[in-house]
Each structure stands twice: as C-alpha cells, then as structure tokens.
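Common to both upcoming complexes is subunit A, partnered first by subunit B, then by subunit C.
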Partner chain A sequence: MNETQKLLLVLLISFEIAFTKSVYLNLILIVMSLLILLITGNFAKNFARLLIVSILPAIGSFTSFYFFGTGNKEQRVHFAFVMTTRVGVYIFLGAAFISTMVLYKLLRSLEQNVKMSATFVYGILGAFSFIPKIIHAVKTIRAVGMMRGEVLHFWSPKLYFKAITQSLVWSNNLAMAMTSHGFEEGEKRSYYERFPAKFGGWMIILIVMLFIQYCVFILRLW
Partner chain B sequence: MTILKTSHLDIKIDEQLILKDITLSIQPGQFILLVGESGCGKSTLMTALAGLYPKYGGELSETVLLNKHNIATIKANFRSRKVAMLFQHPDQQFAMDRVEDELIFSLENLSLSKQDIDKRINEALIEVGIEPLRHSDLAHLSGGELQKVALAETLAMGAEIILLDEPFAAVDPVHRKELQLLLKKLADRGHGILVSDHDTSGYQSLMTDVFRIANKTLYQAGKNEIKDMFNEYSPQLLQVHNTVDELSFNMVDVTLKNGIMPILKNSDFKWAKNKITLITGPNGIGKSSLLLTFARLHDFQGTLCYEEQSINNLPFKKYARLVGLVFQNAMNQFLNITVKEELEQARSKSRFKGYWTEDKISKVIDRLNLDGLSEHSVYELSGGQQKKLQLLIMIVISPEILLLDEPLAGLDKMSIQHVMATIKEVADDLHQTVIMISHQTHGIAKYVDYHVHFDTSGLRYEEKIC
Partner chain C sequence: MEQLEISSESKVRWSLREVILMALIGIAFGVIYFIMDPIYTALDAVLVPLGLHQYTIAITIGPWMMAAPLSSYLLRRMGAGLIGELLGATGEALLGGYWGVATLISGFIQGIGSELGFTLTGYKNWKTGLILSTLTGTIVTFVWSLFHDGYLQFGISMLIGLFIVRWISIAFFAGLLVYWIVNLLEKSKLLKK
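Right after this comes the complex of A and B.
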C-alpha cells in the first residue's frame, strides 16, 4: 500500500464515519488503529499522549450531547457515545496514519500518483526542513538580544519580526540555489524512486470499506 | 565547447548601479580568480553570470550569453547542465536534508533515469572524496563539507562552467588546499572555473587569469599586480607566552558532544584573561561548539568556570552581558533593519558609553570602510560588510569576554588588518578577553597573545601558526 492509498483510505473512513452512528464500529476502528500503532512500535510513546489529547474533546462531546441533545434518554446516551468514540477514531486513526507515514514519501507519492505540482512538493519539504532552523533561530535571537542588553520575551514583536526577515532571506537564497540546481517550475522531472499505487493496496481499501458497509447496513451495529 | 560571455554589461539592483561596463568570457580550461574588496560586487557579478537575474532581482543592461543564447531565458533544467553556481552561504543552498536526497533532487530535475542518477552520484562523490558522507544529514556537516557536497552536486549535473562565490570563507586550510587542487583538475579536464576569493594564497600555480573589480568595473590584472598579489605567506611564530597566569575560563574534565559525536573528552584546559587567544583547527572538529559552550548556548558535561565560578551559577541574563559571542553567520547578530539602528542600539547598551563616543564610533566606521551605509538595510550589505558590522556592534557593546567565531571570513587583506588592529586596540583599552576562531591566519600573529590548536587529540597551546 503506498502513501497516497493510505491517505485515501484514511480520508474515506473519516468521511464515512462522519455520517454513521455506530458506537461498535467506531470502537473497532479505534482498536485497529491501536493495533497499527502497536505493530509499528510507536505505541508506548504515543498512547499516553494521544489519550491526554483526546480526553477533553471526548468529555466535551459526551456531556454536550448527553445533557443538551434531543430525543429520549436512550437516544441521547447512544448519540453521546457515538460522538465520543468518533473523536477517538479521528485521533487514533490519524496517529496510526502518521506513525507509518514518511512525509517525503507521501509528497513524492502524491506528485507521482495524483500529479501534485513539484513546486508544491518541494515547497512543503523546504518549509518542514525550515522548522528546526527557525526554532533554533528564535533561540539564537533571544540569546543575541541578551548579549546586546535587550530581553526579548516570547511575546515580543521584535523577536518574530527578526525571525520572519531571516526566513525570507533564507527562502530567497534557497530558491536561487534550487534554480541553479536545475529546478524549473512546470518542467518535466524524472522519479528516482517510484511509489506506484499497488493492487494489494486497492484490495485493502476495498475490503476495509466493504467491512464498514457490512457493519453499518447489514449488521446495523449499535 | 561551452562559452559564457558578456560585454559592456551594467548591473543595477534596486535602481542602484552596482557594476558597469563588465566584459568577460569564461571558456573551458580557464581557471579564473576574481578578487576585489568586500562589497565591491563579486557576488552580484556571479549571480548575473549564473543567469539568476532578472528573476532574482538584478537588472541587466546587456545579456549574458551562453553559447550565443541569452542565459536568463534558458530553462533552469537545461542551464544547469552547462553552468552552475556555488553560493557563499553553504547552509542555504540545499533543498533536501540528506546528501544523497539533495543530489537525487538535482538529477531528477534533469529528468535522468535511476541508473544514470546512481552512476552520476557515485562518480561525483568519489571525485570530490566524500563517499562516506553519502547518507549524512546536511545539518550535521561543517562548512567545508557542505561546500564539497555543493561541488559534487554541480559535477553530478555535469556543469561545464562552475562559478564559485567565496566558497572557502568557512573552510580550513587543509580542505581549502584539497578543493583548490580539485578545481584545477576540473579546469584541466575542460571545465571553466570562476572563483572569487579574498585570500589569494594557494592560487598562484593554479589559476590561468586574475580579474579584479574596482571602482564598479572589472579588469584583468596585469603581471605586476599579480606578482604583488601572491606574496606567499610563511608560518608565523607568536611572541612567546609560556604560561597562562590569570584565568578567564577554566575547563575541568569537560566533555562536549555535537549530536552524538564526541568533540572533546574529559578535557582540562585554562584560558587566559585580558589576552587575545586564537583557536585554529580543521573543519568540523567542534570549534564553534566550543565557543557556543562558553556562551552557554551548547550543553556540556564537567566543570566550566569563569573567574572561578561555575558558569551555570550566574543567571543567563547577567552572564550574557559578560560574555558576548560574534556568530559565524553574521545575520544572527542583527536585531534591527538599518545599519544606523543597529549602531544606535549598540551604543545605548554599551558597557562603556564614555569610551564609545559618537566620534570614536565614526572613526572605527571609517577605518572598517563602512561609511555611507548608515541608511542601508543590514540584509542588503555584502557578506564582508555584514561581518564587519556585526563585529563593530559587539565591540561597542563591549562585554568582558568577546568570543569571535570566524570574524575574518570573507574579508580582504586590508580589512583583516584593520579589523584585527581595532580588536586589539579596544581589548587593550577596555581590558577585554578575546577568544577567536579563524581559518584565515595570514598576518595576524602580531595581534595575538596565545594560539590554541584544536584537533582530534584535543586542545593544546602552540607557538607556531601555520
């Protein structure tokens, strides 16, 4: 399964469960996501953090639909659970996707499979590689400020103004270097590594989606 | 045969005339050295020759011709097979974050097949001698290594004409020599090389022509001028200072790491107070990390004392006023937009306001050749001007200890003398301690009290500066 197919599957599932009202299906999806996290070895590191992240929205949606929802008590309990587990699905499914994804591969795969523009691909890659640089730059600017007798607090506009100016200079230099290295917008490029959409991937998407339809429409899970 | 040429070219940036009446042609086999003072327009000329203007700002009166075609209108993916440029800031010229991925990126731009890409990457890395760096993260490489990667990239693309804009500003003498010889080899094999450099050492037997930019125009240097230019330097001896009496920093059992790479292991070392200490050593050995450690911007293990107190005991705000660092990358030093704002800020926060009168500052400005720039944006200055300005700001601030990371990189011979004389004068007047890193050591022994060599066996005092 390539990265584009993974993204497609996640989008399809997310879209479908936005309309279904099955608590069990949501729970099944959460368990599957957890299994993926477990298999990819990111479980211990991520689980606690994800749980903390999901607590507030989960409690929030549960209480609001339980106390302020419409219908009788049974309907409200059901719907409150649906919304709560839906939050869980989004969070854990997203985490499972990210834990198996490499940004470079995802973008290159989108470039090859859905013809996303190379400028966009390398723009995003460039932006991501700038993030650690910018964090480092902000630290440096604060240190420089202190050496020059000026305390720059994290709310100080000077700090960000300086960080932004520096980023602009970097991005201009980088753009020049990329042009010098043969990058031209809209021109044909070759692919060193191919990320073709695989038959197996389509089969997985098909099976997962059929399973969801089966749960929703045939079994009519609670 | 690829020829890059232009005649009677004027270049304007933001309506300001930077260069006029430039006539130059670069052919295979030529190895041209381009010299000129900081800020004279060397980078501008290179950028124009590389076909990056007007796309990136400059305005040209004539075209630059690549085999009779206007280079600015040739698509980048065709142009880069013929002409490529190495930029002044080695860390700002890569789109990807690993060596191999960066080379793949540029070769994909040329629409090459996987087999071709593999073959070219192998050949280029072997040619430049950086096979072991293939899978390295660019963020972990030193300035010299980054320039080698950039050179490998241009070779892999097959560029016949290579323009190098002060490629050795942050490169140690050993790597510099290697790279110079490599460029010569490329020229002999049919590449045309144009390299700008302030430091002419090592070029005499290599180059075929020398051009100089002066008074906004370019001319070919005559025989006599060339002769003067290549007074080769010999190793210098320091006036002898055997022991360090008064201490500034005292390192006891200090261990430093760069990522997971150890730089210094359990090192004991004493640093002199109120003296100027020069640190030399190969690229990537960890000199900058050492200065960052002194400035408390890099982690360490062990005990590091400043005037008998552990440096971590002082609040950082107070400490930062005592120990000031001049960063290797000048841009890091600036907080404002114009030169004037920067200097006003420095003066208002100086520890010695009485010493730094406006008169004194303007004298130093003249001496460093920074006059007439006060309304300019610091980001528009040339690399050399930025270096001088950042230094000026920090000597006006006047911390007790001034740490200088490559303050002479990209400066011409005269500027180096002026900068060193200024540092020495101020340090003597204000009883400052100066610890500086420099690859550029010609003619500076007379300003220096101690010389520390830093290599794989650690730190040690040496009297000879090579």
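Right after this comes the complex of A and C.
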C-alpha cells in the first residue's frame, strides 16, 4: 500500500464509523490498530500515552449518553458503549496511521497519485520544518508579554496577531528561499522517487471496507 | 519592517507564499491551542461526572474553527476558508494532536461550514460573510455532530443547549476574535492593500 491508499483507507473507515452503531466492530478496529502499532514497533512508545489521553473523552462519552441519551436503559448503555469505543477507534486508528506515515512520502504520493499541486506539496513540507521554531516563537511572544506584565491567553487577539506577523515574515522568506533554489510554481516536475498506487493496496482497501459492511449490515454486530 | 502583500493578483490560484503562510498560521494556532489544554482538561474533569462532556466540546470548538474565517477574511478569495481550514487541520494533525487523521475530516466539515457564510454574500461583503460564517459554521458542524458525536440520541432540550453553546463559542473565536485580529493587522500597516 502506498501512502495515498493508506490515507484513503483511514479516511473511509473514520467516515463510516461516524454512522455505524456497533461496539464489536469498533473493538475489532481498535485491536487491528493496536496490532499495526505492535508490528511497526511503536506499541510501547504510544500505548500508555494514548490510553491516558483517551480516558477523559471515553468516560465522558459514556456518562453523557448514559445520563442524557434517549430510549430505555439497555439502549442507552449500548449507545454509550458505541460512543466510548468510537473515541477509541479514532485515537488508535489515527496513531496507527501516523506511526507508519512519513510526511514527505505522503505528500509526494498525493502529488503523483491525485495530482495535488506541487505548490501545496512543497509549501506544506516547508512549513512543517518550521514547527520547532513556531513552538519557540509562541513561547517567546508570551514571555515578552509577561515582561510587560501582560498575560497573553488563548483568547487574546494580540497573541494571534503576533504569531501571524511572525508567520507573514517567515512565509515571505521561505517562499523567496525556495524560489531562489529553483522551485517554480506551476512548472512540470520530474520525480526522483515514485510512489505508484499498487493493485494490492486497492485490494486491501476493498477487503477491509467489505468486511466492515459485512459486520454492519449482514452480521449486525452488537 | 517592509510591507507585505497579503494576497496575490490571482483570485483563484494559491501562490507558494500563501500556502506556506496558511500552513504556518495553522501550526501556530495549533501551538496556541495547547495553552488551552489544561483548561480543557480541568473543565472536562468537572463536566464528565455530570454527563456533560459534550458541553466541553461545544465550549471549546470555537478556537478550532478560526483558521477558516481568518483565511477567507485575509485572502478574500473563493475557497480560501475551506483550503485554509484544511491547511490548519494538517498543521494541527502534524503537531501530534491525538485525533490524528480524524482532524482532517473535521477540518473539511468546519471549512465547508465557514466557507458557506461567505458564499451566501456572493464573496462581496466580507464583514457580513464573517458574521454569517459563524452561523453556517455552527449549523454544518452541528449536523455532522448529530451523527459523528451521536447527538441524535439526545433529547431536544440538550440539543438546543448544545447548539447555543456551540454558536456562542464559534461566534466569539471564529467571529469576534478573528475580526479583532484582522483589525490589528490592518492597523499595523504590515499588509499592503
């Protein structure tokens, strides 16, 4: 499977899960995601963190549908479990995808397979390398505010204004740097590395999606 | 500091600088939202035992919807909201938000919702568009939540409450705050008209 196919599969599953009401299907998907994490060797690193971040939303989903859902007790408990496991699917499926994904491969494969414009591909790649600088910049902006006795909260327009000003300067510089290094917008490009969509990948997508439909519509899993 | 041209001549095509700018803004906003994290968790910890977790989501949805109207309002171009929000969501996903790829789907829904407000004015009146976008953004994301967040299972009073809280959050962050931010940018004379 190439990266575009992986993204497509995860998007399809995430979209369908928003409409299905099967606890067992959700559990199967969670186990599959955990297996992917296990096989790719990202299990130990991720599992504890994911479990911690998923606790509040998971319990929260359960209590809200148990207390405020409609229907009799059995229906409410069922739906509360559906929503709890759905949170789990989103978190673990997302982690499984991210753990096997390399951003530049994903973007280049999107460029080659779905004709995403090179401007977006390389623009996003360029911006991505700024993440550590941006984290630092936001810290600095807040520290400068503190020095003037001004606490910049996440609802302060000034905080956003300063972050945008910084982004304006950096985007200008980076675009200029990329252009001066030979990047031309809208020009035809040749590819050093190719990421073709393989037949096997389509088959995996087909099988997984058919399996989900089978669970939902034919087995009608609880 | 020299003045920067915010929007290129083209009304359709995104220039490299604009793509980088919106992606950087998306990442910067993502970093800023992390400041919100402890507050979100504290609020959630109180509301979860009461079964009101959905209200935590409704209260805090506003900040996640800022990229779209900001992008439309800054670039003044058709589709800017949707693409801006998608770039923002990509930035947020890359920062390691635990919703992962699902962020892209919500980004798409939020982008469409916000964009619709500007579409209703025919991309002519941007201020009215901004006001309308808070309403269309609320409606579209709410309809998505009916399924995705299981809102269909709630009674009508809970739904009305959730809708109003969501609208207030979006109106403040994706409406008023965006308006203030753009005002500051215009006053700063950093942007070429």
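The definition used in the following text is that the second predicted complex is superposed on the first by the 182 of 222 C-alpha atoms of A that agree within 3 Å, B and C clash if a C-alpha of one lies under 4 Å from a C-alpha of the other, contacts with A are read in each partner's own complex, and residues count from 1 in each chain.
Just so we're on the same page, a contact is a pair of C-beta atoms (placed from the backbone, for glycine too) under 8 Å apart; a residue touches a chain by one contact, two chains touch by 3 or more.
None of the values given here were measured: they were computed from a predicted structure.
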item: Partner chain in contact with A:174 - subunit B first, subunit C second, else both or neither; value: both
item: Touched partner set for A:102, first subunit B, second subunit C, both or neither; value: neither
item: Partner chain in contact with A:191 - subunit B first, subunit C second, else both or neither; value: first
item: Touched partner set for A:210, first subunit B, second subunit C, both or neither; value: neither
item: Partner chain(s) touched by A:129 [first = subunit B, second = subunit C, both, neither]; value: first
item: Greater subunit A contact set [subunit C / subunit B]; value: C
item: Which of subunit B and subunit C A:149 touches, first, second, both or neither; value: first
item: A:18 touches, of subunit B and subunit C: first, second, both or neither?; value: second
item: Which of subunit B and subunit C A:183 touches, first, second, both or neither; value: both
item: Touching partner for A:158 - first (subunit B), second (subunit C), both, neither; value: both
item: Shared subunit A surface residues [contacts with subunit B and with subunit C]; value: 122, 126, 137, 158, 165-166, 169-170, 172, 174-175, 178-179, 183
item: Subunit B to subunit A touching residues, read off their complex; value: 47, 50, 52, 55-56, 75-77, 79-81, 84-85, 87, 89, 92-97, 101, 104-114, 117, 139, 153, 157, 295, 297, 316-317, 320-321, 323-325, 327, 331-335, 337, 345-346, 349, 379, 393-394, 397, 399
item: Residues of subunit A that touch subunit C when the two form their complex; value: 7, 10-11, 14-15, 18-19, 50, 53-54, 56-57, 59-61, 63-71, 76, 79, 82-83, 86, 90-91, 93-95, 97-98, 103, 117, 119-120, 122-124, 126-128, 130-131, 134-135, 137-138, 142, 153-155, 157-161, 163-172, 174-175, 178-179, 183, 185
item: Parts of subunit C lying in touch with subunit A, wherever the complex brings them together; value: 1, 4, 6, 14-21, 23-25, 27-29, 31-33, 35-36, 41, 44-45, 47-54, 56, 63, 66, 87, 90-91, 93-96, 98-105, 144, 147-150, 153-155, 158, 172-173, 177, 180-181, 183-185, 188, 190-191
item: Parts of subunit A lying in touch with subunit B, wherever the complex brings them together; value: 104, 122, 125-126, 129, 132, 137, 139-141, 143-151, 158, 162, 165-166, 169-170, 172-184, 187-193
